[in-house]
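Each of the next two complexes has chain A plus one more chain, namely chain B in the first and chain C in the second.
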Partner chain A sequence: MFRYYLKLGTRSLRRNPFLTALMVLILGFGVGTSMTAFTVMHVLGGDPMPHKSARLFVPQLDNGSMEGYTPGDDPDFQLSYIDTMNLLKDARGKERTAIYGLAPTIDSGRADLPPFFEPGLATMASFFRMFEVPFRYGGAWDESAEREGAFVVVISRELSERLYGDTDPTGKQLRIDDRDYRISGVIDDWRPVPKFYRLLGTGAISPIEHVFVPFQNAIAREWRNNGWTNCSGSSREPGFAGFLKAECNWIQYWVELPDAQSVSEYRDYLGAYHAEQQKLGRMPRPANFALRDLREWLAFNEVVDADTRLQTWIAFGFLLVCLVNVIGLLLAKFTARGGEIGVRRALGATRMEIVRQYLVETVVIGAFGGMVGLGLSYFGLAIVDKYGLGEAGIARMDVSLLFATVALAVVSSVLAGLLPTWRAAQVTPAMQLKSQ
Partner chain B sequence: MEIKPILSTLMRNKTGVFVIAAQVALTLAIVANVFYIVRDRLNEANRPSGVDEDNTFMIRVGAYRPVIDPFADSARDLAALRAIPGVIHVAEANQMPLSQSGNNSGVSAARGQQQISSSAAFYESGDSLIDALGLKLVAGRDFAAADVIEIAAGGPPPEGPYPVIVTQALIDKVFPGEQQPIGKALYLGTGPNADEMRIIGVVAALTTPWGRASWGLANAGDVSMIAPFRRGTDSPLYIVRTEPGALDGAMKAAESLLVTPGNGRVLGNNRSMNELRERRYRGDRFMVGLMGTMTGLLLVVTASGILGMASLWVNQRRKQIGVRRALGATRFDIVRYYLTENFIVTGIGIVIGIGLAFALNAVVASELGLERLPLPHLLVGVVLLWVIGQLAAYAPARRASLIAPATATRSV
Partner chain C sequence: MHQMRKLSKVYRTHLIETHALRGFDIHVREGEFVAVTGPSGSGKTTFLNIAGLLEEFTDGEYLIDGVPVRGLDDNARSRLRNEKIGFIFQGFNLIPDLNLFDNVDVPLRYRGFKAPERKARIEQALERVGLASRMKHYPAELSGGQQQRVAIARALAGDPRLLLADEPTGNLDSAMARGVMELLEEINAQGTTIVMVTHDPELAQRAQRNVHIIDGQVSDFEHVSPLVRPVAKHAAVA
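What follows is the complex of A and B.
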């Protein structure tokens, strides 16, 4: 029977190609628009490390002065140098890493390639383990070199290919801000979206940095933070040494806590740390600290911003209008076929049979609408990626979204068909036959 | 007017009325709110910066070898840049309007305040930013050579009091209603040890490096100040203003003067003010385009829905129309009947839509921090939908008017 209805359905759709095309197009537009908006939200709102995000945490401490204090305010996004060094020294948690942004100059020594600025990151060997950074060549520097502030560097695949082509550059010297650094590793293709580890300073869809230098080396070279620095109080101590002692927050800190117990221990530790610092004359505000896991951190930083949410709302509003529209068109179509329904009912078709026949027809419309929607989503995502996300190449449709698009179209069309189908099933054979 | 027969016809076709009214209502709610958001974004993206934008650019250079005497270097750079043909003014500064990178500081109206009065973008220049950016001085004076304070590389800011030039927006926010701002004290930061500054000049406008909404500067896009600091730095930023038409040539000349092979320098940014504005508001403009496209499609879909339903009604009532024509109704009467019917159905949708628009606006307002939907926007949406409804209904109405009176005598 299903195949028969399918045949009836396609035949009826072909009988009125303009109306059918209109329904398919409208449904396709609605589905395409909403799936485009949804995909962007899905990508930005995704979990970049689903298997580990519950174990990675960002501690926040409030080192502000009493002036400008508003109870209930969140602590700053970043830590001061003093707190970073204390937390590193206490070495709580399974692993920990501190990072801050750099913009060093790279001199390749090649005549055809004048020195250039390159986005960089001061970090620790633990960074590459905690965030499971894949390596193409070599690997991270070793921890002993790190403590000595050694001149070693990890570079991105992109920078490596720009400088050395497709050869393995590990062991070579790279000149950074007029000093030689030994290349210990080249990161393979790695682009976490959102770029969770450094949301503040570069944004959620930025590519990774290209030069990774040991934290202690960057401090020894007196490299200032290239990013967001927030100071409270005023320090008159001159130079970089004065900057390190000031209550300026510019370092982002991550800690890995493997289980619930270590999380609660770490919270206690932060509380005790705050009390201890207060005794030393720092952190005058009432105890105010936070410990957020990766997903909470993404939400706290509003990675999915108001614009993106609003666009999604409006896109689904658009789909709703399209649905109501299709309801109207189906009503028109089915009403016009009252005579045919009357004959079928008179010949013994039950109401259920009529409902089934017309549902099959709406499913066929939905399937075609889904295909149109799929094409439009691809087109829409290409536009959004190119102009909205700066050619990040991240707003892509995956298999689950592909199925979701078609499913959305079919479900939409069936929903739209419910009322018209029900109305069609109400046709009384006698009335129709009489008026013929 | 045949309102009563129209109403009783519609009462017998509730589903059709519902379908059209629902579309109109949803469309109105979306369109009115999108208009509002789009207008807000465009206003922001086109808000004047106070800068002579067409003739101004920035160039920042960095060093890959240690810099021995930054002051001597920048004096040489300034002289070289001033010698470029077509260049009128050059200033070294710490930050550039709309460049999305820079400093801002909290300022207080009185010493010892516990909370800052406002955040303000903190521009520093030992030269004249008024000249280099083409700012309009509305009160007081520009800095004189004697006002300039040199700060060694990495050195702390000076203790007050020192002179500052502020924007009118800063006066309005920190000293509301103040008519005589010249000579007033302004404090950097909070508490008893806040540094004192003296306002010596007021400029009409100078936008911050971020434009409006960013880093605690929400709705304070023009709250800026300039301090007369000349800071030793190994990555100086120069702001250059040229004669009309000389910008492109001057940008190229500046680059080749400041960065030469082997001089130990790296080019940072070399961008015109127009490019900075474009980059700053690219996202907003994209959102405007996206929303505009969606709204356009939405209106087309709604119009097609109205057209389809009106056609259906005409087809169903061919006989009735024939009878009316046979009984003496003119073609115009028939057209008017269908347009009035559409006006009523659209009107039902509009009434519901106004309610929906305000409901959606509550969401928009809380998400984007916008104020309540202004009535004129809603009115534009209302008029637009009525017009679209009438246009969409016209073709079927005209077709209905062409039905021959003889139709009444035939059986369908």
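What follows is the complex of A and C.
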């Protein structure tokens, strides 16, 4: 009977194309709007490394002064240089890496390409291993280059193609802030969303940096942090050396902890480290430290902020309004078909058969509404990409969202069809047949 | 076959009660052609709706093949309607966006017949009413008489034992009405029981038995119709 009802449903929709188009469009707009908002939330709230996110952790230590101290405050999200170096030296965890932002000048030496600033990172070779960065050419620098702070660089595919076209540039020299760096590797397409390893401002959706130099090299060159720096205490020695000794937090630190036991041990270690530093005259506040895994880190930084959530709720509210309109149109449509329902009932259709027939018709409306909604979602996401997020290709649908869109439309149409269908099944055949 | 005993039907609103049928007794036997007559508002259509299980009754007893129908759920009533009763309406009540084939197909779908059997039954039913060549036409392309013939084919396709006809010629001119009436007589002659509500005394005279209703009660009955030769014996009002 399903095929029969499907045939009747499509025929009925063809009979009144204007009303059908109106219902499909209303449903499509509701679904398209809500799925656009939901996709943005889904992308931002997604797990960029689902197979590893439970093993990647950010330690936080409170090195603030007692001035302005409020119990219960979270520790800063970055570490000071002192703490970073101490944690690196203690070498706890399977892997660890430190990161800070740069904005060096790139000089290609080409007459047609004047020097330009490019966002970069000072980091360690472990960064590429921990975050499973894919390489198009070459790879990260080796341990000795790391220790010595060698003049080596990893560049993004985008920068590589801009400077060297499609050729392999590894081994070539690239001039960065007036010094030559040997290119050790070119990162392949890699776009973690959200960009979890360094969450600053709108950084959650920004593209990756284009130059990556060894942490010690950047320190040796006295490159300042390009990003958020939070200092406490007023006394500070002058110059870059003084900055390194100050209680200024500007370095993002990650550690890989393979199992629950190592997580527990690391927490103990942070507690012990805090106590030790207090003995040395630092960290005057009561013990305050945290260890968050990747997902907790995204939540802590409110990557999906309240505004985004609110927008999603409003969009689903709009879908509800659309559904109410579809209910009204379906009621009108099904009421007008009371005569046919009466005939079918007289000829042996049970109430359930009538319900099935009309629900299948609403499913057909839902399927078409889903297709319109899908098209509008793609359009909406393109608009969001261009004017909202500012980056093409971030807000995109995966297969599960695609199916979710169609399913949402069908479920919505069935929900909208419940009342009209129930009303249709209640038609008294005798009344309808006489009034025909 | 179909028997109503002391049956009553009361329509109630919060202000008034209307007794459409009261103490209604009738027994329609297999193969009869019964014409039900009476003035407007006498309860003819209510009787027909209750006989066709399209309406519930308030009190009394209604038996189909000796089985009481009171208390049957919607599924059981629908199945009985589908298997044992065929309807012919004054307004034909064909579904306008289905062609003749699909219109006749409707009751067979609910019966659960497979496609080949449905096709055979539809073709046979349309053949019987002389419209087999027009099965791909739509109702709007037919005259009133032809539409009523399609409605008869639809009613017959499932081989019901009882045909309930409510003013089957009420919307037709006299020539068409005569044709439809002849068809009904032919169907009755082949063994199908027919109960026909009509205002037309001429048509009523052609039935095997007349039942006259006034104020929701059977006021008179009469064995008539020298024209028809029913297969079964004459029925009597119980």
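Criterion: the second predicted complex is superposed on the first by the 430 of 436 C-alpha atoms of A that agree within 3 Å, B and C clash if a C-alpha of one lies under 4 Å from a C-alpha of the other, contacts with A are read in each partner's own complex, and residues count from 1 in each chain.
Just so we're on the same page, a residue touches a chain if its C-beta (ideal position, glycine included) is under 8 Å from a C-beta of that chain, and two chains touch if they have at least 3 such contacts.
Values in this document were obtained by computation on a predicted structure and should not be read as measured data.
J.: After superposition on the shared chain, which partner residues are touched by A:335: those of chain B (first), chain C (second), both, or neither?
T.: first
J.: Check the residue A:22 against both partner chains and state whether it touches chain B (first), chain C (second), both, or neither.
T.: first
J.: For A:242, using the defined touch cut-off, is the partner it touches chain B, chain C, both, or neither? Pick first, second, both or neither.
T.: The first partner, chain B, only.
J.: Return first, second, both or neither, reflecting whether A:135 touches chain B, chain C, both chains, or no partner chain.
T.: neither
J.: Would you sort A:115 into first (chain B), second (chain C), both or neither based on which partner it touches?
T.: The answer is first: A:115 touches chain B but not chain C.
J.: Kindly classify A:164 by the partners it touches after superposition: chain B alone (first), chain C alone (second), both, or neither?
T.: In the superposition, A:164 contacts neither chain B nor chain C.
J.: Contact-wise, after the overlay, does A:429 reach chain B, chain C, both or neither (first, second, both, neither)?
T.: A:429 contacts chain C only, not chain B.
J.: Could you please specify the touching residues of chain B with respect to chain A in the complex?
T.: Against chain A, chain B makes touches at 15-16, 19-20, 22-23, 26-27, 29-30, 33-34, 37, 62-66, 106, 113-116, 152, 154-157, 159, 188-191, 193, 195, 215, 259, 261, 266-268, 282-283, 286-287, 289-291, 294, 297-298, 301-302, 304-305, 308-309, 311-312, 315-316, 360, 363-364, 367-368.
J.: Applying the document's contact rule, which stretches of chain A touch chain C when the two form their complex?
T.: 1, 4, 11-12, 15, 339-340, 342-353, 428-430, 433-434, 436
J.: Along chain A, where are the residues that touch chain B in the complex?
T.: 19, 22, 26, 29-30, 33, 65-70, 103, 105, 107, 114-117, 177-178, 228, 233-240, 242-243, 306-307, 309-311, 313-315, 317-318, 320-322, 324-325, 327-329, 331-332, 335-336, 384, 387-388, 419, 423
J.: Provide the residue numbers of chain C that touch chain A in the complex, in ascending order.
T.: Per the touch definition, chain C meets chain A at residues 45, 49, 52, 54-55, 74-75, 78-79, 81-83, 87, 89, 91, 93-95, 97, 106-107, 109-111, 154, 158, 166.
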